[in-house]
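The structure appears below as structure tokens.
To keep things simple, chains are lettered A, B and C as they appear, and every chain counts its residues starting from 1.
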Amino acid sequence: MTDTLNSLPPDPIYDRREQIRAITAKTLRRRSRMSQLFTWALSMSLVIALIPLVLVLFTIVQRGGSDLSAAFVTKLPQVPTIGQQNAIGGIANAIIGTLIVAAMAAAMAVPLSLVLGLYLVEMDTRLSRIFRASVEILSGIPSILLGVFAYIFIVLPEHHFSAFAASVALALLMTPVITKSVETAIRGVPDTVTEAGLALGARRSVVARRVVLPAARAGIITGTLLALARAMGETAPLLLVIGATFSQTWDFNPFHAMSALPLLTYSYSGSAFPSQHRAAWGVALVLVLLVLILNLTSRFISARLSRKAQM
Amino acid sequence: MSDGHDAVGNNPGVLKESSITPVLQLRRVNVSFSGRVAVRDVSFDVAPNKITSLIGPSGSGKTTILRSLNRLHDLTKGAKVDGDLLLDGVDIYKGGIATMLLRSRIGMVFQRPNPFPTLSIYDNVVSGLRFNGVRKKSLLDEAAESALISAALWDSVSSRMKVHASTLSGGEQQRLCIARALAVEPEILLMDEPTSSLDPVSTQRIEELMTELKNRVTMVIVTHNMQQAARVSDDCAFLLMADDRAGELIEFGPTDKIFHDPSDARTLDYVHGRFG
Amino acid sequence: MNQSTQRFFSRRNASDSPQGLRARGGSDRFYVWTLRGVAMLFSAILLEFVYSIVHQSWPAWTHEGITLLTGTTWNPAASVYGALPLILDTVISTLVALLFAVPIGLGTALVLIFVLPRRLQAIASALVELLAAIPSVVYGLWGLYVLVPWMSATVQPWLASLTGGRWPFSGDNLGAGIMLASVVLAVMILPTIVAISRDVIAALPKDLNEGALSLGASKSQVLRKVILPSAKSGILGAISLGAGRALGETIAVLMVIGGNAQMPRSLFSVGATLASTIATEYTEASPQNLAALGALAVILMALTAGVNVLARRLVNRSSGLSS
């Protein structure tokens, strides 16, 4: 072969290489031990992060599980009396109340978000960018302030608390979340799909309604369910506007006060009756189950969606 | 030096008449990802202070081989490397060799320039040394200067060492990455299509640089560019994808021979641009 | 982030080809104006939201002036409206919560990306996100009945022994208080910090990780010296988003902080935050007190909006850098 055979690197480089190798060898063990320690500490942080989840779920099931019965979810609440210290009755009206308020909030938030999501995708003007920023800021506004707004806007003029006012506050809470998921889902629809629609001579509105929104359906449903789960668990706005911290009636007129699970959990927890303290866990368990079902459904849909997208 | 002939066996790819101790020897190397074989039975030797190029169409396993040389596949979940990979006669996948130490001896330059965006030019160049535990300022300065000179970057950056690396042009960033790798004084430098994201002028400068660096390091380079392989490399390995999509070594030899008088018809077709 | 995605009707379609649109008649113009109209309507609601809260608080600002912000006594029954203790409790509980949640959250994000095998990664991610799904009233309940006894019997005596009963672990140990509120808040904002910093870090080019490793860096060196600094602004954004959530959290804090609006003396002090005070006093307030509570709402709105704007900026800057 050729002349490079014996041409060693020039001396200073050779020296330096030896020096560096010596340092590397000397520090190697300390560095790998540091690295192991660091990785271990990171793993511990995951463990620590999951401890509260386990503890909370465990405690709710342990303390609330015994309350769960057919009567608990189908009957009206009872006030404990001297004769019947442990009378609790059920929480059926709070369950239905929660569902009604959430349904009303969704009925307002979903159509609104569909249009707003389309608007954000369709328009790219200075105005739409300002609008996008304000929707994002709204999503970071504490829910209690939405309650304050619903109070000023609806409760004060009407002179009474109402489930409707609560649903307005929750709709404002849900709208930024759903709008964001509508926007993301629409942007995920391939251009070819919309262009095919337009090429057939369909109007934009028709393409949007018949082609784009259906194609983005799964993403929109996922976002809506997540927003709904979050709204159902909200307590703070209800505290200000829904009125009934403890109700014993089947009154589901949306313009009257109404019972709801999160608020009932809160008021039971601060009650003077020990039996209601205990029942707070049962209410919390029902609430968590409702919220988790919505969450898992949404997760399931989005997992199926992403698998379909991969194929 | 002696294990050459026997281990080569009947594999046509291996340089048979080597009179130099190879720094790096690959013997029947297989790489698979989650059971799917990506590279099969590859054997060749890398001679010291030379440039060995790996050529072949996309998917033929060039980059996969290169990344097995400094154990970067360790990061990929499900990746598995079999066979013998010997650095100065020591198997780099068998016990006793620390990956960190190995990687300080075998440096790497990537397809896209990847200077650390939050660090200054100086801190980028000495980052490898600092990772390796070097603290002494004089050693850091000396190594940085030498590496930047070797990477033909010293003249243009010596006055602005504290500036962020992201302010450099693409070609300069790539040379900074070369300097960063050189500063650790590796024995071998792996280059994965180092010019594929650069303009022709920057590409030419890096090619010149590679030739000048030969007295400092041994280089293994993956390239898509036939002319580049022909211009800069001394030895050349040609790979193709087999029917089951696994990369195989078709031919290995001095670059001149591969390009002008290959033993395999497929090599001839490829270097003349008839497929791939 | 979205450069690859396109608006499904480009702007050009809307304005530059009049024949295309107008020739097809009024329906499309109707569509465009529907979108605009609804967006305007929603903007009007947002403006009304801000206006109505500011308007409600107006008498308090004109009457009390700066003492609303600097007064150290909050006693609506005696018409004394100094929000400083509430502001301090809000900010302190948030900062202490960050002290817990940031290292754990960042550590978790790094584990998810760099340590766990892919299958475990998906499961662990889902579990951390479940933390966010649990309603805050449930955290409040857990804090009230499980953590209060634990804090007063175990944690706080231990903390007090660390400083010999001096600040910041001084005063009566009731279990409930700012310290516990911070712990509960830390749990609640953890998923936010984990999710955003995980996304920001995962969006960094893979080259950085490999570049550092190929120089002989150890795993911890790569993470500490290269990955975390490169993701800095996105991580700060994630932290700010978490802070925004903590500042405005109402019901869980209300249940564990003790509900006493006084200047905080230590982390063991019982307190009351802006949000918790609004929640407890609002529905039973006189018109005069309502204005003062409205002022609390304005302060809280300014705080959270400011923190959120900052957070979005930081996160967007980070995603711009990585793409």
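The definition used in the following text is that a residue touches a chain if its C-beta (ideal position, glycine included) is under 8 Å from a C-beta of that chain, and two chains touch if they have at least 3 such contacts.
Note that the structure is a prediction, hence the values are computed from the model and not measured.
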Among all chains, whose Cα centre is located farthest from the one for subunit A?
B
Among the chain pairs here, which one is joined by the most contacts?
A-C
Please tell me the distance, in whole Å, between the geometric centres of subunit B and subunit C computed from their C-alpha atoms.
48
Distance from the CA centroid of subunit A to that of subunit C, rounded to the nearest Å?
14
Going by the touch rule set out above, which residues of subunit B reach two or more other chains?
100-101, 104, 132, 184
Contacts with 2+ other chains: residues of subunit A:
24, 31-32
Among the residues of subunit C, which are close enough to touch at least two other chains?
216, 218, 221
Residue ranges of subunit B touching subunit C (in the complex, touch as defined):
70, 72, 75, 77, 100-104, 107-108, 110, 112, 114-119, 127-128, 130-132, 177, 180-181, 184, 190
For a test of understanding, state which residues of subunit B touch subunit A in their complex under the given definition.
18-20, 47-50, 98, 100-101, 104-105, 129, 132-134, 139, 142-143, 146, 184-185, 187, 214-217
In the complex, subunit C residues that touch subunit A:
2, 5-9, 11, 14, 21, 24, 27-28, 30-32, 34-36, 38-39, 42-43, 45-46, 48-49, 52-53, 56, 103-108, 110-112, 114-116, 124, 126-128, 130-131, 133-142, 144-146, 187, 190, 194, 216, 218-221, 223-224, 241, 244-245, 247-251, 255, 275, 278-279, 282-283, 294, 297, 300-301, 304-305, 307-309, 311-312
Mind pulling up the subunit A residues that touch subunit C in the complex?
24, 31-32, 34-35, 37-39, 41-46, 48-50, 52-53, 55-57, 59-60, 63, 112, 115-116, 118-119, 121-124, 128, 131, 133-134, 136-138, 140-146, 148-149, 151-153, 172, 175, 186-189, 191, 194, 198, 203-206, 208, 212, 229-230, 232-236, 239-240, 262-263, 265-266, 269-270, 277, 280-281, 284, 287-288, 291-292, 295, 299
Which residues of subunit C touch subunit B in the complex?
117-118, 205, 207-218, 221, 225-226, 229-230, 232, 321
